[in-house]
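First comes the structure, then the notes that go with it.
Going in written order, the chains are labelled A, B, C and D, and every chain counts its residues from 1.
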Amino acid sequence: MNKVIKDARTAIADIPDGAAIMIGGYGLCGVPENLIQALCDKGARNLTIISNNVGVDDFGVGLLLHKRQVKKMISTYVGDNQLFEELVLNGDLQIELNPQGTFAERIRAGGAGIGGFYTPTGYGTIVAENKETRSWNGKQYVLELALRAQFAFVKAWKGDRLGNLIYRKTAQNFNPQMATAADITIAEIEELVEPGELDPDSIHTPGIFVQRLLKGKHYETRIKRES
Amino acid sequence: MNKVIKDARTAIADIPDGAAIMIGGYGLCGVPENLIQALCDKGARNLTIISNNVGVDDFGVGLLLHKRQVKKMISTYVGDNQLFEELVLNGDLQIELNPQGTFAERIRAGGAGIGGFYTPTGYGTIVAENKETRSWNGKQYVLELALRAQFAFVKAWKGDRLGNLIYRKTAQNFNPQMATAADITIAEIEELVEPGELDPDSIHTPGIFVQRLLKGKHYETRIKRES
Amino acid sequence: MGKHNHLFIAKRAAQELQNGFYVVLGAGIPKLVLGHVPKGADVMFLSENGLLGLGPRPQAAEVVPDLTDAQKGTAAAVPGSSCFSSADSFAMIRGSHIDLAILDALEVDEKGNLANWMIPGQMIKGMGAALDIAAGARRLVIAMEHRTKDKKIKILRDCTLPLTGLGVVSRIITEMAVIDVSPDGLVLREIAPGLSVDEVSRATEAGMKVDKDLKIVQV
Amino acid sequence: MGKHNHLFIAKRAAQELQNGFYVVLGAGIPKLVLGHVPKGADVMFLSENGLLGLGPRPQAAEVVPDLTDAQKGTAAAVPGSSCFSSADSFAMIRGSHIDLAILDALEVDEKGNLANWMIPGQMIKGMGAALDIAAGARRLVIAMEHRTKDKKIKILRDCTLPLTGLGVVSRIITEMAVIDVSPDGLVLREIAPGLSVDEVSRATEAGMKVDKDLKIVQV
């Protein structure tokens, strides 16, 4: 199997207007920046973007907002982007906010064939409004449903042509689960290696979850904020 | 933090009669054999054992059956053990059978704070009897509940005193999830290394899940059957 | 004779493999497919105990510690394989990431229902992974002997044994025939060399349409 | 003044760390605890973006690519750290594997309800991990200023803002006091040097019992 595509432009060429796309990354770490840039260049519109954050104004998902390509965001924290606020207030962008653990688990469920699950997170808050609740052993739970998308963009460190991926440090974040939860998963990597070079016991994303793979042109090392 | 215990006997000394214990392993691969032997020697009785298989007559969980220490098994496949059949037919042993994926997912849910989940597995079969079902997008699902235990025995390849573990090849099986789903997880390892020696990106079980750790005395390499 | 039939069935089942497929093989006849993969076929086998990239059976000298297959025997891994937990393995299966599963069966019926894990009154061995695979594989093919050893019919109007999955079977491959499950019932697609349609029908309880392009099984 | 208060609160909050604890620190004042861990304290910090073993803030020269904390800044890892996915990280949090979480708050009430993520009418930033941490930590301690910058009271009979969690808070640490949430309401355990119980009560809407062993906060 050879899943390598020559470049990001080719890898995303068939993404239609109105598509739902998962995009990995936490802040500026582990972001599939080449795929996002290619999607900006292509200009597909009315997208639903499922991503933990909305990036900053000139990096990450923020680029897609800037070009008004996004109809709806499903995220957990959107407080770092000025333009985002404007778009929402003007009614140009819908936002669905999930607790971060619920967000991660909904995506895992989508990839693992689980239809829904009961989580204690959000019980008794507005997050649980209009959702089923129930209790076991005196603990209260809220029913949350699986989340899937037509496409997923993930960023890994190393990969092979079979689609096996490993991530580096906290660049893992939402990428491994998103890779499992889309009809077409497109991975961009820093380094392409031969099958067998990655330790089988250390592969984070087995190739079965990846349909397309490309080596990114360049990677910007950004640090959002000295904490 | 130093979670190292001098030997298996000491590690399991506080396991009472009637305890529920998860035991990792698939067939004869990845079995915490030193802990099982210590539990045999101690002789705790009326145990509920949660383990994929029941071992063979003289290895694995089979040893506990041989000593009549087990009241109930929760398993997925029990077809390799003669004594098991006798005990069940005589009414000396209760058995609850789960589909293997449901078994793994119930344990993961137990460790991840998920109360229950909807799976397509078993819909329309006796496995779904007396269970809630529902459908999303035309697909039918069965509600399955989380599974936890007071103790978990897991077998890993390498570990450090913080409880970080890595497994080798298919010896992983149920061990990583079981490690998350018990009040007290006891890991036995082949090799003890210093904290920092295991690659942080390749650790399968982060130390947070392990309460006690010991180096196994010896490991028998058994091959069940030439396939 | 049984063994000859098994090889015939496995070889025909191996023709179901398509380039790019991720495949699970159940115990029994399906497992034999591993030894009959067409040369150059670009497929990856999942061993549901936690190995993607199961290879042909290893020689004794090549046995790797802690590398076993789902039937608990020694296993080999191909370059580019990966190992993972059972939870992750069944996420692949349940999440419809497996293109093709091939399982053995006790009974199959014309609605695609499958029974392959339990015979009431006999000691229960447990379902292992069968129910998960039946529910999760994108396409489920049954590779089995057409009738039981004592000539009891296995392809029925309605399964009589406890089910493994409801409406899950797409195709049945036996030593006598290749039969598809369609919304209108069973369709006979291929017939073993030297057999008549009538002979297959008599060994089958469920009614079958005969494909107008009925072929002879080639293995 | 604010900064001085923050340090005072963080130092007192650091005394909540016990040997063997796995701990999550929220943004704001709680994050300062990382710089005030008692020498020799045997604790591990989870950064919920996927790092167990978060260390003190790195010097510029030590910055490692792809190693950031939950606030998206540069991070350092201690020996024996591990990295994992967000799904695995929140399995730790939701599954009650975290012994102690310390979060900042907008409001807390006498039933242990917490509001710390949303002010209606103001732009929503999102809850991030707050709801998961509130629901999952074995013990939740709030480290916050006693009142808002404009002296509005934050420790209430009933929270007025949208909740983060229901009955989740065990202890409140402010620049004025250490207050426990008990089944019978709030209990004043410690008071800042130089303050009277009356001064703390006037800055607090909810009623408080005063611990008969009331102590002075030592930092």
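Basically, contacts are C-beta pairs under 8 Å (C-beta built on N, C-alpha and C of every residue); 3 or more make two chains touch, one makes a residue touch a chain.
Quick caveat, the model's predicted, so the values are computed rather than measured.
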Set of chains adjacent to chain A and to chain C: B
Could you give the separation in Å between the centres of chain B and chain C, each centre being the mean of its C-alpha atoms? 29
Could you state the distance in Å from the CA-based centre of chain C to that of chain D? 55
Mind checking the centre-to-centre distance between chain B and chain D? Centres are C-alpha means, answer in whole Å. 35
Can you tell me which residues of chain C touch two or more of the remaining chains? 77, 83-84, 90, 93-94, 135-136
Return the residues of chain A touching two or more other chains; collapse runs of consecutive numbers into ranges. 105, 108, 112-114, 119-120, 167-169, 172, 200-201, 204
Chain contact topology under the given definition, line, ring, star, complete or other? other
Looking at the whole structure, which two-chain pairs count as touching? A-B, A-C, A-D, B-C, B-D
Interface with chain D, chain A side, in the complex: residues 26-30, 52, 75-80, 85, 88-89, 95, 97, 99-105, 107-108, 119-127, 157, 167-177, 204, 221, 223-227
Looking at the complex, which residues from chain A come into contact with chain B? 105, 109, 112-120, 134, 136, 139, 141, 145-146, 166-169, 172, 199-202, 204
Note: in the complex, chain C contacts chain B through residues 31, 47-51, 57, 63-69, 71-75, 77, 83-87, 89-90, 93-94, 123-132, 135-136, 162-167
Chain D residues within the chain B interface of the complex: 19-20, 22, 42, 44, 46, 52-53, 77, 79-84, 88, 90-97, 135-136
Complex interface listing, chain B residues touching chain D: 1, 108, 110-114, 160, 162, 164, 180, 194-196, 198, 200-201, 203, 206-209
